[in-house]
Amino acid sequence: MSSALDSNARAAMEPPWDAPVREAAESPLHVDVDGFEGPLDLLLHLARHQRVDLSRISIVALADQYLAFVDRARLVRLELAADYLVMAAWLAYLKSRLLIPQPAKGEEPTGEEMAAQLAFRLKRLEAMRDAATRLVNRNRLGRDVFARGAPDELVVEKRSEFQASLYDLLTAYASQRQRQSVTAVTIASRRVWSLSDARTILTRMIGEMADWTALDAFLLRYLSRPEDRASAMASSFAATLELVREGRLEVRQDVAFAPIYMRRSTPAADAHGADEPSFGKG
Amino acid sequence: MAEIYALGNIGPSGAAAEASLREAMRIVEAIVFASAEPVPESLLAARLPADVSVRLVLDGLAARYAGCGVNLTRVGDCWAFRTAPDLSFLVHDEKHEVRKLSRAALEVLAIIAYHQPVTRAEIEDIRGVTTSKGTLDVLLESGWVRMRGRRRTPGRPVTYGTTLAFLDHFGLEELGDLPGVEELKGAGLLSPRIPAGFTVPVPFADDELAEDEEPFTDNDLEDLGLLAPKGGEE
Amino acid sequence: MAEIYALGNIGPSGAAAEASLREAMRIVEAIVFASAEPVPESLLAARLPADVSVRLVLDGLAARYAGCGVNLTRVGDCWAFRTAPDLSFLVHDEKHEVRKLSRAALEVLAIIAYHQPVTRAEIEDIRGVTTSKGTLDVLLESGWVRMRGRRRTPGRPVTYGTTLAFLDHFGLEELGDLPGVEELKGAGLLSPRIPAGFTVPVPFADDELAEDEEPFTDNDLEDLGLLAPKGGEE
């Protein structure tokens, strides 16, 4: 156990790897995220390596691994996509909530609740991965099971004389409107943290911000190079306000310069699963 | 066709009824056999005399074909003849190559199948990444996924679901036959929110690993591809 | 499968031979079923164990299907499943092609769906090309497009819109279910790099005429050939 303590303590204070930084800049990248589909995927891989059931996972150890990974990437000046950095900010925040005893104010979620939320998301993603595997390994039409090779046309079948699917229709419309729309578009050079990036990522994270969360301090640390911080803060704040205006987020700041808290707004009308009666059959 | 007697309580007095049932089975057999696509049960019913139960006929046919090289299978509210799965090695269909989906597309397909009706934002919430352009496009084009309607929430986002062709392709009678769907539902893993009973152990404040845990080693991280194997400098 | 006993003199001692024959029947059944062409007897023989007589198997299968809705028939030295002759009224002899809409027709149909009520000039303006008379005729013939009325502008051009049959065919509950810009982007149908000002209209879903529309008069209907010209007796 002491070795575990050591390694974790080490991870908190300094990069646990001792490869020389200068060499890293010249050698091929030591950190590779190409194989991962985003931060949650990376977390799931890390979690699986804990070799325990996901519901019994040590979130703190997981967060440490992730943060060490991000630090490592930054050390070798690898540009990580913004959502990896946002996840880092989130995990750093979560870790602080888990490790520092909080006064029971009731307003903010406990660290345990946040950890459970993360474990739930990992478990749900893993379940869908398994489901996809089981699905694709079923006896499939055209591969394992076959239809009549020489079908006849049924007299009884009432078909409209013309055939087209909604997909055909929408493809035709979208592509011709696109052709006609002015194509002189200049693509802005991508910043790590543009307004639309900020919006997308915040939107995706709203699900996790069930209760008041102070993300900004952590965003600052992980989001970008110091020279970009002002713009990163500005665009994430702008995106926050946009989401507030749309009623999807609430923000709170107790006094000037205090941390800005945000949480998913929960209007009564927010009825997950309340679909319009579905059209079409089968 | 001895099996036909097993279908109902057809006594000697029911000879006419039996003949009628036998004829109904022939008609249904001919129609479903002729079609490569699953045939709606309602279409079959419309071709039968009013006093014949289409379900009785279909059950009888399905039973008769049960051990054969070709089986009568239900696909949603439709029926189709398909070759028996265990004979797949004998039959090859060069014309229709089964399209290989990317890992991401397959994952999105599974999420749509298990969580439908589901919006794109919800798919992204589950996967934790933006759905790349073309993933939904490929699934829509494959005919396995369709736009179902719109969610009654601000912005009225389009909801996605699977099609009859999806059931047919993956050999499912209905969505309830999706592998493991009941367990997943029971575990709350098909709900957008964390289920009430879902907890994780309270982490140790001192950051110690649990008894059955082991710390990561650098080797683990190398295995994961997160670290290039160390060079000789050590 | 009681019929199998009738095939030969298989006594209780021939249980293994019987199982082998039964399996051979399943194999032949599946191959002939899945084949697009009649299957040569030699090909079937090649798929069976050497000690199984293909002719015995085929005769057995043909006998089993004899009274059914589908028969196993010999075509030269090939074999195929055919609908029983007395049930041939259920299926077409020759394929009657379902017509696919041309690319241009699909585009015009989509524009009418999204931009209705829309005039022909407006359609051409959106597409940037002249729309042939034939394209609109095909759409009107399909029953998915209708003339709604006339625009209250000089020239009183005819306005087009979609029909109930359109909603029905494309599985839409209402026109408002047609996806908007965000959904088209999300599904990968529109480039995410589309200019910011690009919009997709919310279709005018009302059956009533729009403010700038007026109903057809009888004269209009005559002009459009929708009403036989009134005779002189009036």
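So that you can tell them apart, the chains are marked A, B and C in the order they are listed, and the count of residues begins at 1 in each.
In this text, a residue touches a chain if its C-beta (ideal position, glycine included) is under 8 Å from a C-beta of that chain, and two chains touch if they have at least 3 such contacts.
Values in this document were obtained by computation on a predicted structure and should not be read as measured data.
Asker: Which chain is most remote from chain B in terms of Cα centres?
Answerer: Ranked by distance of C-alpha centres from chain B, the top chain is A.
Asker: With centres defined from CA atoms, tell me which chain sits nearest the overall protein centre.
Answerer: The most central chain, going by mean C-alpha position, is B.
Asker: Would you kindly tell me how far, in whole Å, the mean C-alpha position of chain C lies from that of chain A?
Answerer: 40
Asker: Which integer distance in Å separates the CA centroid of chain A from that of chain B?
Answerer: Roughly 27 Å, centre to centre.
Asker: Let me have the rounded angstrom distance from the C-alpha centre of chain B over to the C-alpha centre of chain C, please.
Answerer: Computed value for the inter-centroid distance: 23 Å.
Asker: Which chain C residues sit where two or more other chains touch them?
Answerer: 30, 33-34, 36, 81, 83, 90-91, 171, 173, 177, 179, 187, 189, 191 - these are the residues of chain C that touch more than one other chain.
Asker: What parts of chain A, by residue number, touch at least two of the other chains?
Answerer: 146-149, 152-154, 156, 165-166, 276-281
Asker: What residues of chain A sit close enough to touch chain C in their complex?
Answerer: 146-150, 152-156, 159-166, 168-182, 185, 187, 276-281
Asker: If we count contacts the way the header does, which residues on chain A are in touch with chain B in the complex?
Answerer: The touching residues are 1, 3-5, 7-9, 16-20, 23, 27-32, 35, 37-41, 45-46, 49-52, 55-61, 64-65, 69, 72, 83, 98-99, 101, 111-112, 115-117, 119-121, 123-125, 127-132, 134-136, 138-149, 151-154, 156-157, 165-167, 200, 203-204, 207, 246-248, 269-282.
Asker: Taking the complex as given, what residues does chain C use to touch chain B?
Answerer: 1-2, 22, 25-31, 33-34, 36, 47, 67-70, 81, 83-84, 87, 90-91, 171, 173, 176-177, 179, 182-183, 185-189, 191-192
Asker: Please give the residue numbers of chain B that touch chain C in the complex, ascending.
Answerer: The contact residues of chain B facing chain C are 1-2, 25-31, 33-34, 47, 67-70, 81, 83-84, 87, 90-91, 93, 95, 120, 131, 133-138, 140, 146-147, 149-150, 155-158.
Asker: In their shared complex, at which residues does chain B touch chain A?
Answerer: Residues in contact with chain A: 31, 33-37, 39, 43, 46-47, 76-78, 80-85, 88, 91, 93, 96-98, 101, 103-104, 106-107, 109-111, 113-114, 117, 121, 124-130, 140-141, 143, 146-155, 159, 161, 163-164, 167-172, 178-180, 184, 187, 189, 192-195, 198-210, 212-216, 218, 220-221, 223-228, 230-231, 233-234.
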